[in-house]
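Both of the next two complexes hold chain A, though its partner changes from chain B to chain C.
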Partner chain A sequence: MTENIQLNSEGKLKHFLSIEGLNKTLLTEILDIADSFIGMNDQQIKKVPLLRGKTIVNLFFENSTRTRTTFELAAKRLSADVLSMSIATSSTSKGESLLDTIRNLEAMFVDMFVVRHAISGAAHFIAQHTAPHISVINAGDGQHAHPTQAMLDMFTIRQVKQDFSNLRVAIIGDILHSRVARSQIQALNTLGAAEVRVIAPKTLLPSHVESLGVNVSHDLTSGLKDIDVIIMLRLQKERMTSALLPSESEYFKCFGLTEAKLKIAKPDAIVMHPGPINRGVEIDSKVADGPQSVILKQVSNGIAIRMAVMAMAMQKQGAVG
Partner chain B sequence: MLDINDLLNKLEAELKRVIVERGLVDPLMIGIRTGGVWVAEQLHQRLGIKDDLALLDISFYRDDFSQIGVNPNVKPSQLPQDIKGRDIILVDDVFYTGRTIRAALNEIFDYGRPNQVVLAVLIERDGKQIPLCPDCIGTSIIMDAGQRIKLTGPSPLSIHLQTLDAVA
Partner chain C sequence: MSQILIKQGHIIDPANNINRIGDVYIAEGKVVSVTHEPAGFKPTTVIDATHKVICPGFIDLSTRLREPGQSRKATFKSEAIAAASAGVTTMCLQPDTNPVIDTPAVAELIKELAEKADYPQIYPIAALTRKLEGTELSSMLSLKQAGCIAVGNAQQAVKNLLILRRAMEYAASHDLLVMFRPNDYWLGNNGCAHEGAVATRYGLPSIPDEAETIALAQCLELVELTGCRMHFGQLSCKRSVIKIYQAKKYGLNVSADVAIHQLHLTENDMIPFDSSYHVLPPFRNEEDRQYLRQGLASGTLNSICSDHQPHDIDAKLGAFPETEPGVSSLETLLPLMLKLVTQGEITLVQGIAALSENPARVLHLNSGALTVGYAADICVFDPELTWQVNADNWKSQGINTPFWGQEFKGRVTHTIQAGKMIYSLE
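Then we have the complex of A and B:
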């Protein structure tokens, strides 16, 4: 029930809050439509008229340069009017002030909210309480989900590897605090990857992580064997509330991706990172800038994926009969 | 009964005439997906056009997006990066309301400013809704309400007239 909020009565995308609850057909549709938006880069005028006259508000309660700018560019390339707001959260009365903000923006005839918030469930909460014609896109909520990041990663993987069914994918690092990892795992499993492997120290893994449908390894050297896609995660220093690690240098020694460790994976393995990267903490510069890295490709693809999701969520909603 | 070869012969002859008349130089042929591409493939070969056939998918330029949403089968358009100053032959299978052509022209102009555009369609039928018309046609027909033209292809390419059931 709670997940169905993402779909309208015809089963089409209305809100994009989480990968959970979306099937393979719909995820593939997002990837296919994004593919066509990539073709737009050949146009002299990089704009299509799909969302002319629509107003999109980027509500960023948490900072993020890359995500905010790619959402903004995506909206502009769809010809929407876009407004980006960075709002500092007050620690008290969050629920109340959040709804007040939403009501005020609704009064300005807004059609879509793109929401980034430090609290898990914030985008879902807004989707539940906003006016029925408004769509909500989750641009990252707490430790819960970051579905557009996961989809741009799937898009990048498909671009290079074509098919998911034979792929072994390793997600390495701070799984515990990572909304990106959660969304990636759901997307990879829905799209039918052969294996999703998480590699991390025990202190950076959620309890019962196996229940997400992953294999677990605590050793980077043995864990990288037979891997086609390596996804490095950022060590989320700002979310580390207790001493989960001895030191950054110790972490790099055990879990940092170096050229030597990369050689253990398949020779044509690709290296991904959602950014921003901590060079010398989770990834060596030589790997991040090396020939197997697709990190900047991920950034470019972020625009096409966000265009696809916004266009799909803005199609006619609430059709009767 | 509509014969595909008769229509293609007629359209080819018309195009040859218009190419001379309008002075088209090294024209770029663009087919509109899907049926238009099939017709364009035939004409492209018959006219010996030098440049590869360009493909246009107008899904992102349709004027009924708010009613029908994004076409999930959309494919990337394949146009050369620079069409500024080019002479273009735009090809579609059926000219009906004219809305497809409006969308196609909008998309083409986002790739650059062509010198001129000639519109060639296999069949022009009644029902025009905006002030556009083809330059070259294979035939022009008037159809009953509920009738539609169905092109199948790409090989063999054939045309059928379908009568939609009132119930359907």
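Then we have the complex of A and C:
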């Protein structure tokens, strides 16, 4: 990235669009701030007044329940006013362009947009064209990035494993279409993981996947050797109709995580999944609900991470005046 | 009619092997002499070309002027001015207008629009198939008679090889040139960026080299089968250059061009999600760029086109994959060619030939040269004059160029089309 529009002139987070362009110090700061929020989950009053008087709009051009809910909760716990809009497929069908939608909302004195969109680069585009005082948080754009998901995964890994430097992490499944995987790979490499391995058939890997800084395996059995963290990705049903895979059952046979396959990884390996899970397609129920699974922990951590990112992106305004 | 004398310039006329200081004399719309003053010549206009280059006007094998159908993007009038200021005196117009150039009526409308824009030398390329849909043949002979210079597929893939074979056979029967941009519909998969490290990093739908090279290989086989005269346009990758080289060596009657920006930019030059870099075929990698440059230097690719595609602001305002592809590129054609000369990739003579003599040969036009008796299509440029790509200098209605704001060396000072001065730099 030649220009980093994510940072303000003081190097503080202004937008959170992708992991790329953010250094280890900043990523660690996000994790540390999230840590300070995590205790709030157990308190009677789950609120801090950090963003009181601020207006946040969740702009979801693509359906999502979990991500939208956790962003909403995170905003509310920071005492912001939050409005969630689901804009079915795209308002362009009504003749309104993405930019018109943004301009209209800007006119309502919004301070932050949380954006999910089916097209790669959408959040980037909005950040470039929105008014200078508005922050943009990317809640997933096409196949490009899903940085808050990646950071909540990093947070979960750090909770269990403390340090990244000795970790070997395997990401398994549909890397090609996964914005989560791209952001995870960048975050793991920035935080200094010992190895990031992707395991998938060639049809589910992007053409130059090695250039992302990963090792590649097409075999789950050999691929899981020495692994500390296993990240399973969701498999969409349309991968079958577009001839990327023959069937769900054959996929499960080759790349589904079962108890037997889990034994190949290190004994204290943890199992993660960004959700929602396809039980019996990419992961066996016994593994998803088993002792090594941290899948529900990921969901709880999602709120703290999103609070951290929102608070940081808003803080820049106080500093600037 | 006016008589023009262009004095004391560096004449470069590759077709006639002229490369020296001298004068060019124009009368009755034609070149009447090079170097020697004809008896009784009384110029009404004198152009002092000292320290400037005099060469044939440029012939652009691929442009889109957006009329009919998309005049919000550009018009014949706006783009004729841009072309004149760029030294371009002849333009071929791709058939993907709205309506498509697949009936004589549309071809005639284009001729009319060109006349109205005071820029008559616009040649429509007729659609190879009706509506460019790849299912039925267009009325090629009628289209030829209505002034179409060739038939082509614009950006549309021809999915069915049997239809392509028949279209090529039919074109060959009427000695029509086929101008073809090879791209396989299925392998292209509606992508918007080169299948490489950059598309991988940014999660952009990608187009592999093979979408071009496989379609090219199939088409070369059909050239041998049908005996069709074929010109491949806007090639973008290494193995396409190799395939054209081999086909020519083997004796096939084919030629090929490259779009000027492909000779300069690669995927690594793209500013992330900046839609001004959204082109088809996409910017590929450094090795591809090197092969395209070598292909030009060796003559495997004999022509450079602008592949001019002006857009309105809205067309480029959106998330990268949703924006429309194409660069407004007439006005950067000469300076980008001169940059190749400065970089030692080609000689100035080669560069000028690729913009004049060679495309004229592809089109079988008596043009692209300062031959006595030819229509006087002439470009005079100052190779040392620097200018910036900005709103003050830009003429095209489309400002969609990745070179916006950049400084360039080399600028056209005078353009003459059929003996008429259509541009002079104030």
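The working rule: the second predicted complex is superposed on the first by the 300 of 321 C-alpha atoms of A that agree within 3 Å, B and C clash if a C-alpha of one lies under 4 Å from a C-alpha of the other, contacts with A are read in each partner's own complex, and residues count from 1 in each chain.
As a convention for this text, a residue touches a chain if its C-beta (ideal position, glycine included) is under 8 Å from a C-beta of that chain, and two chains touch if they have at least 3 such contacts.
Predicted, not measured: the structure shown is a model, and the values here were computed from it.
**Q** Thinking of the overlay built on chain A, is A:98 touched by chain B (first), by chain C (second), by both, or by neither?
**A** Second partner only, chain C.
**Q** Should A:213 be classified as contacting the first partner (chain B), the second (chain C), both, or neither?
**A** neither
**Q** State whether A:143 touches chain B only (first), chain C only (second), both chains, or neither.
**A** The second partner, chain C, only.
**Q** Both chain B and chain C contact which residues of chain A?
**A** Chain A residues touching both partners: none found.
**Q** Per the contact definition, I'd like the list of chain A residues that touch chain C in the complex.
**A** Spelled out, the residues of chain A in touch with chain C are 1-3, 20, 97-99, 117, 119-122, 124-125, 129, 141-145, 179, 182, 206-209, 211-212.
**Q** Can you tell me which positions in chain C touch chain A when the two form their complex?
**A** 195-197, 199-206, 208, 271-273, 314, 317-322
**Q** Please output the residues of chain A touching chain B within their complex, sorted ascending.
**A** 12, 29, 32-33, 35-40, 42-45, 47-50, 308, 311-312, 315-316
**Q** List the residues on chain B that touch chain A in their complex, please.
**A** Counting only chain B, the residues touching chain A are 57, 59-61, 65-70, 72-79, 81, 84, 106-107, 109-112.
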